[in-house]
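Order of writing sets the chain letters: A, B, C and D. Residues in each chain are counted from 1.
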Amino acid sequence: MASETLTLHNNGHEVSYLDYQGKHKGLLGWLLSTDHKRIGILYMIGVLSFFAVGVTLGFLIRLELLTPQGTIVGPQAYNEFFTVHGIIMIFIVVIPVIPAVFGNFFLPIMLGAKDVAFPRINLLTWYLYIIGGVLILLSLVLPGGAADTGWTFYVPYSVRTGTNMIFTLTAVFIIGFSSILTGLNFLTTIHRMRAPGMDWFKMPLFAWSLYATSWIQVIVTPIVGITLLMVIVERVFHVGIFDPTLGGDPLLFQHMFWMYSHPAVYIIIVPAMGVISEIIPVFSQRTIFGYKFIAYSSLGIAVFGSLVWAHHMFATGMSDTAEFVFSLLTFLVAIPSAIKVFNWTATLYKGSIKLEAPMLYALAFIFLFSIGGLTGIIQGALNVDLYLTDTYFIVGHIHYVVFGGTGFGLFAALHYWLPKMFGRMYNKKVAKVAFWIVFIGFNVLYFPFFILGWMGMPRRSYHYLPQFQLYHVIATVGSWILVLGLLIMMVNLLVSLIKGKKITENNIWGGETLEWKVSTPPTVENFEEIPEVFDGPYEYKQNEYASMEEEVK
Amino acid sequence: MTTQEHAVEQVHRDDIRSKMGMWLFLFSELLLFGGLFFMYSVYRFMHQQDFSIASKEMNTFLGTLNTVILLTSSLTMALSIAAIQRGKKALSIFLQIVTILFGLAFMVNKVIEWSHEFAEGNFPGSASLANRPPGQILYFGLYYSMVGLHGLHVLVGMTVIGFMTVFTIRGKITQDNYVKLEAAGLYWHLVDIIWIFLFPLFYLIT
Amino acid sequence: MFADASNFVLPVDNTFIFIVIICVFFLVLITGMMITFVIKYNSKKNKKAKNIHGSVPLEITWTVIPTILVMVMFYFGWTGYKSMTDAPKDSMAVDVYAQMWSWSYKYANGVESDTLFVPLNKPVKVLLHSRDVDHSFYVPAFRIKKDVIPNRTNTEWFLPTRVGSYDVLCAEYCGLRHSYMYSTVVVLPEDQYNKWIADKQAQDNDAATP
Amino acid sequence: MEEAKEHSKHAHGYGIYVLVWLALVTLTGLTAAVAGINFGKLSIVVAIIIAVIKSYLVLTEFMHLKTEQRTFKAFIFVALFFIIISLALLFSDYSFYVR
């Protein structure tokens, strides 16, 4: 958004949000701050800590599966491991990560606003989030044991099991509430606080992706909230809702659960797509291909994604009509994602591409997400899904989409925006080395899952038949490589915060969106005066303009 | 906060923003109950006979009375906003208190109704309920969950309006700045709308 | 591992392979273009980028072609599924009981066993009952899977086409020993099957009247 | 500021509120009275239609939706659209399920 009023230099009297001393000093200045940037950082600390716990549990799961029988723990511990791994990774890490960390930090700046619409509610969401996370960690250590139902909490097992279900369900409910509040905050911010001149189609695509995501959050999160609340009520008061011994229908729980948890996949992936839509044009130094199509496809995903939930239930014996409708819709929801992938690839065309670390992660995102998406299409076909569902194929698919997608989107965002947030640059060489180790480790770990699934290995299995061992061993070795890569990456980023080279310029990557016009790190008020916007977000004015038709000739 | 920052916020007071946040929150609430309505409709569809039998046991008179009470409280709430818009502070405060009292009456009615049910042994986990056919167990399960959750919302609404009354007395809510009261009103009306649907579903359709 | 022991193996495998081929094609296409562009338009070689805002014809192309392709995939999946739900009238019915954490089978004549014996080339319809929580009846060699849900009776049918014994697994997580919930389905030539079930019935009668 | 202009104050009349309240109470009486008559399957439809009319009145008048921004009306549409479609999809299973 190269605009004339945007010569916003700091004249020295504006302090960075990191050094700002308000009413509260020190730690309290952070914990009670309603500054969206500080809340973003608080979220980052929270999310990355829980991510470390989740990775550790995943690492232990892989270690356990090295041999067909018990390797390090017994079946109960194993069941708790994969359940808590799932709950932490889904509800506490990937659902909030990009909106709550980078959305909080950059959405207002990108829109040319000084803060989000409701700063105090914003801070409240972080506390709710932390309370939820702590409850789950507590459920691990308290007597009774952590939840052992799988992250899907299927009734009737979740009503029967003696583990600390109430803790876990309450935690997820609270985190859901936090997610709703973040969503309505962002929606209001986007509707009411865009800078003058920034109409809807001059908004950065990251903002578009958050807009679509926030709608899903506000609309569907309450449904899982009430569903899990009903499970709690059933356990505590023996009210008959889902429990088959009281006449309930366990399938209704699955419907209600997936009515949220399938759209949740899009809450997870769409913001990461937004990050990629920012990074690709910047490191190609040209305008993005098909801006409107990418923006609309975010909305398309939000709408269709909310209507395909029962494709998780093809094997449950639903009516044929439901199988027909949901399979059809499932295939259709693939289209907007495909449109995005094609447009990103076309953006590389005639660009001037710099392969910095964020770009590497973004390109890896496209590759891994394509594998994740395409394996999803395979499971959309009804008869194939009856064979593949609940096997390792689906485990491979979910990890390619959620980790290969959102995980790599997160890593891309960290390498892209962290220098802006803290004003220090990481070691670029180490970052690239870490990328390749992570990328290789990821594929060695998760690709064998597809083979295992096709061979018929059921998921959530502590014990397995000897013919599956080879691929489990390969996957476990992959997990070691992946964890090594993650460690190098995180240490490199952490060290950079303290020792990294100081950055003084505003625009380190040559971006055109508003966050690159403010100082590094941003000041408390973001902007001295609210900028006025005249152009779209990716107009590289120094470039020649061309149309595709001319180019083809 | 420095006075300068404060001044900036004053200029940027955006009532539409506040109302938009409230409306979005109301949608979440609506969907929270929506989930329960989904469950209700599925089970009603599966167990039509049992639902019909069970709903005949409801006290239609108390249900109708409560509906009228809640509708009237919605009227007083709406009037209290109209009053503050005209700068009639005392009238507004009076109407808010009346609204809270109507909420209280609603809750008292509920307590009478529930204690009656409990005395008959129709409460979750009771032996006499457990011996009924599945559809009736589900009917009472949904009845207690939905009406209970609604009652919780009435209590929250009363608390919120209570705060608004204090704000009005202290002069934080005035003729020029009444968006808080408006938001509280929106919440109260939503609670009313949910009851408008709960009433026929549990008391009337047999 | 890739045993083919029922009538559903071919259609499922064919649909799978058909979709995989299309998916691999698109994956190679996208990755290939990505790598080509990254090399060709690297900032070292291509100092000046060109702005191309997009192309509506291109957008339409890559919306319409995938839509057609997924509709074809949907068609194969749906017809394949339909053939799996409608059991032939002359199917032999077997009740399957799932509980934490074992399977048991009950035949029409009242015989019960822990292993499912079925005759070769005769359609078998299984009626799935759960005694406690959700389970899933999964026979990889037959390419079939159906959840076993309390309060519901799901059905599934298959036509065994090869003599041998195959694993039955539980595919829906059901608690502590979920992964040990194995059973076996043994496909016998019809005469051997008839002999087995007659013997088993005689045995049961002997045991019942000591 | 533009935003300030957008917020034109609508002072809402007492009279209309009382009228709406009267309509609501009448409808309540009607729905309770009608409940005694057995329309068979239609009785659900009648009760729901009356409830919809009542909530429409509350939304437009008490909740001021009539004079509110167009965005808010669009929001309502989004929420209702989602509820209706989801319910339809849910019943694509239950109403065709053969026990």
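Here is the rule we use: a contact is a pair of C-beta atoms (placed from the backbone, for glycine too) under 8 Å apart; a residue touches a chain by one contact, two chains touch by 3 or more.
Everything quoted here is computed from the prediction, not taken from an experiment.
Among the other chains, the CA centroid farthest from that of subunit D is the one of C.
The most central chain, judged by C-alpha centres against the centre of all protein C-alpha atoms, is A. Interface comparison, A-D versus B-D: the higher number of contacting C-beta pairs is recorded for B-D. Once the centre of each chain is set as its mean CA position, subunit A and subunit B turn out to be 35 Å apart.
Here the spacing of subunit B and subunit D, counted between their Cα centres, is 15 Å.
The distance from the centre of subunit C to the centre of subunit D, with each centre set as the mean of the Cα atoms, comes to 46 Å. Looking at subunit B, residues 14, 16, 20, 24, 27, 30-31, 34, 38, 42, 46 sit in touch with two or more other chains.
Residue positions of subunit D touching 2 or more other chains: 3, 71, 78-79, 82, 86, 90, 94-95. Annotation for subunit C: residues touching 2 or more other chains are 152. Inter-chain contacts, as defined above, occur between A-B, A-C, A-D, B-D. On the subunit A side of its complex with subunit B, the touching residues are 22-23, 114, 117-118, 121, 180, 183-185, 187-188, 191-193, 218-223, 225-227, 230, 233, 237-241, 246-249, 252, 255-256, 259. Considering their complex, residues 1, 8, 14, 16-17, 20-21, 24-25, 27-36, 38-39, 42-43, 46-47, 124-125, 130, 133-135, 137-138, 140-142, 144-145, 149 of subunit B touch subunit A.
Looking at the complex, you find that subunit D touches subunit A at residues 3, 71, 78-79, 82, 85-86, 89-90, 92-98. Within the complex formed with subunit C, the subunit A residues making contact are 75-76, 79, 148-150, 154, 156-157, 160-161, 244-245, 247-251, 284-287, 289-293, 315-317, 320, 323-324, 327-328, 331-332, 334-335, 338-339, 341-343, 345-346, 348-355, 363, 366-367, 370-371, 374-375, 377-378, 380-387, 389-391, 454-456, 458-465, 467, 539-540, 543-549, 551.
Only residues 1, 3, 6-7, 9, 11-14, 17-18, 20-21, 24-25, 28-29, 31-32, 35, 43-44, 47-48, 50-51, 54-55, 58-59, 61-64, 68-69, 71-72, 75, 78-79, 82-83, 86-87, 90-91, 94-95 of subunit D touch subunit B when the two sit together in their complex.
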